[in-house]
Structure formats: C-alpha cells, structure tokens
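Presented sequentially are two complexes of subunit A, the first with subunit B as partner and the second with subunit C.
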Partner chain A sequence: MRVLGIETSCDETGVALYDTSLTGGKGLLADALYSQIAMHAEFGGVVPELASRDHTRKLLPLIEQVLSDAKLTRHDLDGITYTAGPGLVGALMVGASTAHGMARALNIPVLGVHHMEGHLLAPMLEDEPPEFPFVALLVSGGHTQLVEVQGLGRYQLLGESVDDAAGEAFDKAAKMLVLAYPGGPQVAKLAEQGDPKRFRFPRPMTDRPGLDFSFSGLKTHTMTAIRQLEAAGELDDQARADVARAFEEAVVDTLVIKCRRALDQTGLKRLVVAGGVSANHRLRERLHVECKKRHARAYYPRGRFCTDNGAMIAYVGAQRLAAGECDTYGIMQATPRWPLDQLTPPVAADS
Partner chain B sequence: MQVQLDNEEAQVAFGEALGQVLQGRGLIYLEGELGAGKTTLTRGILRAYGHQGAVKSPTYTLIEPYELGSQRVYHLDLYRLSDPEELEFIGGRDVLADEAVCIIEWPSRGEGWLPTPDLRLALAVAEQGRLITLTACSDLGARILSLLERQAHEVSQASATSKLSDDQLENGVIQWK
Partner chain C sequence: MPLHLLALDASSSACSAALLRQDETGATCLARFEMTPRAHTRRLLPMVDEVLAEAQVTPSQLDAVAFGRGPGSFTGLRIAAGAAQGLAFGLDCPLLGISTLEALALQAHRRYHLRHVVTALDARMGEVYAATWHCLKDTITPMSAEAVLAPEALRLPGDETDWVGVGSGFTLWKRFTVDLQLSMPQHLDDLEPRAEEMAWLAARDFAAGLGQTAHLVQPVYLRNDVAWKKPA
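Moving on, here comes the complex of A and B:
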C-alpha cells in the first residue's frame, strides 16, 4: 500500500511517501520539508520567501515534488494520511482538507493521525528499529514527555512537563545569554567552554518521586544568576559560558534522572529518544552510560526525523490504513488538544 | 493601576481575581520580559474558570485553547511570529471573533494586525516579587479595573481594616496578598 503523508500541525510543511510492502526505512520512498528544498521550476525562477506556517501555498508544490522524487503520480497512491492533531487548528485544517479533497477525488482511503504518535514511532524508519515495548522520551521545543509504548496505538503517558518544555528552556536561556533564537545548540556550544563546578543550578522535581518535569523555575534561576553577575560587573565571556554549562548540566541531569526512573519503573530495556533536544551530545553521552549500566539500549531517529517531518506521519498513517482504519469521507479531523493516551490500536472501518 | 505581588501565590491569586471580574470575555495584552511571570498570571486567570491542570507556555504552540465548560479561554504567545500576517495562518481571526477571554503574550509581534485590547498589563520583576501596571484601553477595560479596585478594598476589609491601609496602598501601588 503506497501512502502519502502530510504534516502541517505547526511550523513545518512536511510530505512523504511510504510503501507498506517494504519494511522499516526501505518503505520510505520519498520525503521532504518545504524549508529544506529549493523549488525553482514550478515558479519559473527563485521561489519567494513564504511566511512561516503558510501551509496553503506550500503544500501542493511539495506534494508534487515528493511524487516526482519517487517517480510516481497521484494515481499510484493507495491512501492518504495527515496530522489531525494536536497543533494549531488553522494549520491542521490545511493538511486535513487537502488530504480529504485529494482522497475523494482519487477514491482512496484517508486517515487523520496523532502527531506525537508519529514522533514515538519515528525510529521505526531506521535500519535497526527498536522492538516493542519501549520507553520513549520526547524532548523538543514544544514537548517533554515520557511514554511507555507497548505497540501501535498502545501508549501510556508516564510523565510530562507541567510548564515549559526542555527545548523551550534552552531557547529562553539562549535569549538571556544574548544568543540568537532558536538557540538550544548555541547554548550547548557555549557550555563547552564553561566550568561545570562554578555554579550549580537546581534540578527541578528530581527530589521527589514521579516522572513529571518542570523547567520554568530553572529559567527564573538562570535569569537571576545572570542579573547578579551583571550587577557585580562580572558577566564576562567566561561567566556566560559557566552559566550556559550550569544550565545545560541541570537540564540534562533532570532528563537523565527521569529516564533512569522510567526504565527502572517499567523494567524495560529499550529507550527511544526523539525531538530536537535529543541531538544534544551531553544528553546522549549520559544516557549511553545509564543504559549500559542497565543492559539497556538507546535508540534515536536520524537527525531530520527528530524534528517535525512528513515521514513519521506517512509511516504511522500507513500502518493504520493498512490495518483497515480510515476516516469517513467528508468528515475531516482537526483536534488542537488531543492527549496521547486517548489513542487506541488500529480499528478497521468495517468492524 | 499598579499592583505589587510578593510571591507566586499572590501572582496566581491576583490572576484569579482578574479572571473573575472578566466574566468570560475580554482581550488582554500581557507584556514583560522573560521570567516576568506572564504564564503564572495566566494560570491564575484560568483557575477562575475552574482549570486545575498544568498551564503550558504557548511559546512553541503559539495558541493554547482551553474549554472549561461552555467557557473558552485562549492563551497566545506571539514571540515566534516573524510577521503579524502569520496570525492569519494560525486561526487568529477565529480566536478574536470568539466570545471568550483571550490573553496575548508578546502582542508587539502582532502589531498592525491585532485590534486594541481591553486591558494592557505590563509585568516587571520587582525587588521582591512582581509589579503589574494595568491600563484600560476600552470601556470594558475601565469597568474591569474599577471592579478590581473595589475587590482590593474588599480584600483589605477582610483583613480587618475598613479601607485600603497605608501599607496596602504604598505610593498608589496596591499590595495584593
């Protein structure tokens, strides 16, 4: 079954093609993000810069591009899937209405899927995918969640951030340190020059049991530290690096402590880490050590599938469509708030 | 009107009082630097409508909609907008047309597209806690402010003085406990 996947839940317009007759990453026939590819031909020249989240103008050219990359036409499609939520309702509607319109015209099934389910199963597109069950840490600008994954559609939320996401805390720390936005990677780079012993920032919510996170207080602590240094006339380059280091240590330590707890609590030996923050080197090193101690293994999707993308949506939608699940024509789904643990395994439309 | 909030508890309590006098509608601009307590204040406003759960910062998601019974509250953070026109693509028009409370952080990013608010709140980190300056920009905003002032008097009466005591109204700043 050849399935077209469409992602328009937030900033990125992503499209991909997945073929369920192949397995794992081999099934991915083509994938693209609008921001990553240069589309010259269709416009007879250089494409004008389109505003962020202007999915309406980006989506159709991107679908054409992906079909042409896979040397297919829309008549070769057997199904279409799209992100139905969570996300911005205006952005979700673009993907949902495009998918439903195309599916109806082509007379093929269509299905709305959950954006976070895409992230959870993104490592299935890699050469050595994890087997079920596993623990997943989703850590990005928008999310910080620990989830127990038993199988397709069988998820239990173990814990999540009660305020800011870890990636957002990184971005805000970057702003306080006068680094460009989004500045997560730049904070990490600056931290390399920092002395880990000069400051110790709090590890929020690690002193009590549970798997929830909180990063808002760490943000305030970082701001206070910077202000005090500034007032004392000591905010030089080294001090900024030391603050960045203390901040990074606090975030990484918090994430590692909670992952360790989640592995111990569930007794599972596989840990999937996805989302933009999973690219952080110190986090990967520390998780590697903790997993080794437990004879466990950490799995990461490749870099471009850590952030929002169409491939993960095509993969998840293809699995569910192949199991017989689909939307009713004319009833498209756009659900801005949609808790992950409301999902169920695929249900065939005729059952 | 200026209000001094000594700690997080007072920030949330003041937000709750504001949420109550809003009575389910109003457009509010929330201004203040990172860590000024914009999301904490929003948590208080949402509590007035019965929301008990976490209040996530909408920096990444841009809009967090809340449905609390028949009441809707929208919490927006426009920090990541690079052009006010992007409000069109995220459903801004529908949000503003709705009969709801709408709280907007970083409204300067939507300047030229956003209408005038009912209330403008400027939050600043004070020596202790936070200082909020409230400005009414519409008739509704002016009514909300006078209701809040009345409530400040009631709060002070409850603490056994007949009017705002000197220590509650220092240099015209209301100390909200």
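Moving on, here comes the complex of A and C:
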C-alpha cells in the first residue's frame, strides 16, 4: 500500500510517501520538508496565523515534489494520511482539508493520525528498527513524556512534564542567554565551551520516586543565576557558557535518571528516544552509557526525523490504513489537544 | 460535452456547495447552503457529495473546481482552499478562486434586482471587508478595490443615491458615515456569500481561461498584519 503522509501541526510542512510492502528504511519512498523557522524567528516564536497561511502555500508543491522524487503519479496512491493532532488547530486544518479533498478526488481512503505516535514510531523508519515492546522518551519543544509501547496503538504513559517541556526550557534558557530563536541547539553549542564544575543547577523531581518531570523551577534557577552574575558584573562570555553548561547538564541528567528508572521499572531492554531534543549529543552519550550498563539498547530516528516531519506520519498512517482503519468520508479531523494514551490499536472501518 | 463545475465555500458561519452544469441548451445549478458554525470540517465535503449525487456526476467528470477565496474567516478560507486544492490536484483539473464579496453582490443582484451594491463583511476588530459594485443583467463590475477598513472610512465611488448595502458588515450600520447612509435607502445584513453564485462566477472565469494549477490559487485575506506581536 502506497501512502502519502502530510504533517502540518506546527511550523514545518512535511510530506512523505511510504510503501507498506517494503519495511524499515526501504518502505520510505520519498520525503520533503519546508521549515518556517526563519519566518517565525522574527517574532521570537511561532505565530499561528502565519504558520497556517504558509502551510496552505507550501503543501501542494511538496506533494508534487515527493511524487516526482518517487517517480509516481497521484494515481499510484492507495491512501492518504495526515496529522490530526495535537497541534495548532488552524495549521492542522490545512493538512486535514487538503488530505480529504485529495482522497475524495482519487477515491482512496484517508486517515488522521496522532502526531506523537508519529514521533514514537519514527525509529521504525531506520534500517534496524526496534522490536516491540519498548520504552520511549518523547522529548521536544511541546512534550516530555515517557511511554511504554507494547505495539501499534498500545501506549501507556509512564510519566510526563507537569509544566514546561524540556525543549521549551531549552528555548527559554536561550532567550535568557540572548541566543537566536529557536535556541535549544544554540544552548547546547554554547555549553560545549562551559565549565561543568562552576555551577550546579537542581535536577527537579529526581529526589522522589516517579517518572514525571518538571522544568519550570530550573528555568527560574537559571534566570536567578544570570541576574546574580549580571549584578556582580561577571556575566562575560565564559560565564554565559558556564550557565549554559550547567543548564544542559541538569536537563540531561534529569532525563537520564527518569529513563533509567523507566527501564528498571518495566524491565524492558529497548529505549526509543525521539523528538527535537533527542538530537542533543550529551543526552545521547549519557543514555548510551546507561543502556550499556543494563544490556539495553537506545534507538534514535535519523537526525531530520527527530523533529517534525512527514515521514513519521506516512509511516504510522500507512500501518493503520493497511489494517483497514480510515476516517468517515468527508469528516476532517483536527484535534488540538489529544492525549497519547487515548489511542487504540487500528480499528478496521467496517468492523 | 457538458461542462461540470464544482464550487464550495466556508468563508462565513455558513458552508455551501454548488454544482453547475452547462451545455448548448443552457445551464443549471444545484446547490446546498447551511449555517454551520464550527462544523465546516464536518459538513463541507458531505455537502459536495450531496450536490454531486443529486446531479449524478462523479468527481472525475468535473472540469474545474472553485472556492470562496475570501475575504472572510481565515480558518474557513483555508478549509475551503485545502478541500478545493486537494480536489483539483487529485483530479488534475483547473482551480478558480472566487471573491466572496463579488459572489455576495451577484446574489443581491439576482435575488433583489439591485444595481448599485456595497458589499461588506464583518472583519471583526471593528473593521469590515468591503467593495462596491455596479450590477447589470448578471454582469458585475467592481467600482472599487476590495479593502479591509473601518466602516467610517468607506466611501462610495459615485453620487448615485440608490446604493444597497449587503452583508454582515452592515450590522455595524451606525458606524458608516452619514453621507453613505443618506445614499443607501436600505441595507441587508443577513446575506452570506454562497457557493451557488461562486459557481456562476467561476463559469465566467473558466470560460475566460482563468483556471489555474491548484497550488497557485490562494486565499485572499486582505488583513495581513496578523502577527499581533512586535518583532523581537
């Protein structure tokens, strides 16, 4: 089954083609992405109305591009899938309406899927995909969650952030350090020059049992540290790098401690790490060490599939469409808030 | 060979679809129109199917697709644009974007035989989307550019005194100038743009060769300062 996947939930327009008759890396026939980051950078964050407008401009050209890259035509498609949520509602509607219009024209099934399920299963697009079951850490600008994954649509939330997402904390720290938007990767870069011993920032919620996260206290702590340095006239380049390093160490340490606990608690030996923050090198190094100690293995999507992309949506949608699940004709799905653990295994439309 | 043209609109609290069929003997238009606040995502395409089924036309028989390109509700414009773009792209047929204000003017002209029409849609934030039209024997001629403005700033393009105001923008009646009010013996604030008139206008534009590849036809928002945040 050849499935077109469409992602428009935030500030990236992503499109991809996945063929379920081939597996892993081979099943992905083509993928394309248009990032709006430069446009939103001017405003220091995503402007929802501008994001929606840009999706409407970019979506069809990207669809043409992936079809042409895969040397296929629209008539070779067997199904269409799109991100139905969670995300910005106006942006979601662009993907939903286009997918439904196209599916109607081509008389093929269409299905709205969960954005985070896409992230969870993105490592399935690699040549050595993890087998079920596994523990997944979803860590991005919008989410910090630990999930036990038993199979497609069988997810149990083990823990999540009670306030800011880890990626959001990175972006906020970047603002405090006057780094460009989006600041997460810039903080990590600056941290490379920092002295890990100069400051020690708190590891929130690691001193008690449980798998929930909290990053807002760390944000305040970072702000206070910067203000104190400023007041003392000591906020030079080295001090900024030292703060970035202490901040990154605290976030990474917190994530690693919780992953360790999640592996121990579930007894599972496979850890999937996905979402924008999973690209962080220090996080990967530390998780590698922890996994090795436990004879476990960590799996990551390739770099460009760590952040929002169409490939993960095409993959998840293709699995579900192939199992017979699809939207009711003409009912576009756009669900801005949609807890991951409300998902179920695929349900065939005629059952 | 008859021409089949599908139009759809979601630019206001209403949702509509129309199928126009034209051949040597004439033209007919089948249409659906419903007030569907917050249900456009669930009603727009089923309404398309209803008009297709009633006309016994399959999507592959369509020669062109049209949609209400604005101005209007931003999200509604994009739902119609997405569905219409998806349909036209899937069918590999031309797409046409039709002005919601012009469709409203045609509706007023055909229903009430009006000749001098001011269309105004409520643009929120104390403004209206407006344009002025001369209408004669189903021919609609714009007399001013479509604009988003405060009602007080709307001027009439000529000194006729039989202008009729049409559209939700006239719920702000008291805010238009006295001059405008004196040249406008009546206004109808309960008409909404409809796919039916868009289909007729699209047939005109299609005949003029104005159909385009789907991705080139974009919504026309008129209001473009939407960031509401100062650049950092």
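Following the convention adopted for this analysis, the second predicted complex is superposed on the first by the 332 of 351 C-alpha atoms of A that agree within 3 Å, B and C clash if a C-alpha of one lies under 4 Å from a C-alpha of the other, contacts with A are read in each partner's own complex, and residues count from 1 in each chain.
We take it that a contact is a pair of C-beta atoms (placed from the backbone, for glycine too) under 8 Å apart; a residue touches a chain by one contact, two chains touch by 3 or more.
Just so it is clear, the model here is predicted, and its values are computed rather than measured.
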Contacts of A:R104 with subunit B and subunit C, given as first, second, both or neither: second
Touched partner set for A:G90, first subunit B, second subunit C, both or neither: both
Which superposed partner A:D164 touches (first subunit B, second subunit C, both, neither): first
First (subunit B), second (subunit C), both or neither touched by A:R240: neither
First, second, both or neither for A:G330, with subunit B first and subunit C second: second
First, second, both or neither for A:H119, with subunit B first and subunit C second: neither
Partner chain in contact with A:R286 - subunit B first, subunit C second, else both or neither: neither
Contacts of A:S52 with subunit B and subunit C, given as first, second, both or neither: both
Touched partner set for A:M223, first subunit B, second subunit C, both or neither: first
Subunit A residues contacted in one complex by subunit B, in the other by subunit C: 52-53, 56, 89-90, 93
Interfacial residue positions of subunit C with respect to subunit A in the complex: 41-42, 44-46, 48-49, 59, 74-75, 78-92, 214-215, 218-219, 221, 226-229, 231-232
Parts of subunit A lying in touch with subunit C, wherever the complex brings them together: 42-45, 47, 49-50, 52-53, 56-57, 59-61, 63-64, 74, 89-90, 93-107, 181, 329-334
Complex contact set, residues of subunit A against subunit B: 10-11, 51-56, 86-91, 93, 140-142, 161-165, 167-168, 171-172, 175-176, 216, 219-220, 223, 336-337
Parts of subunit B lying in touch with subunit A, wherever the complex brings them together: 34-35, 39-40, 54-57, 59-63, 65, 80-83, 85-86, 88-92, 94
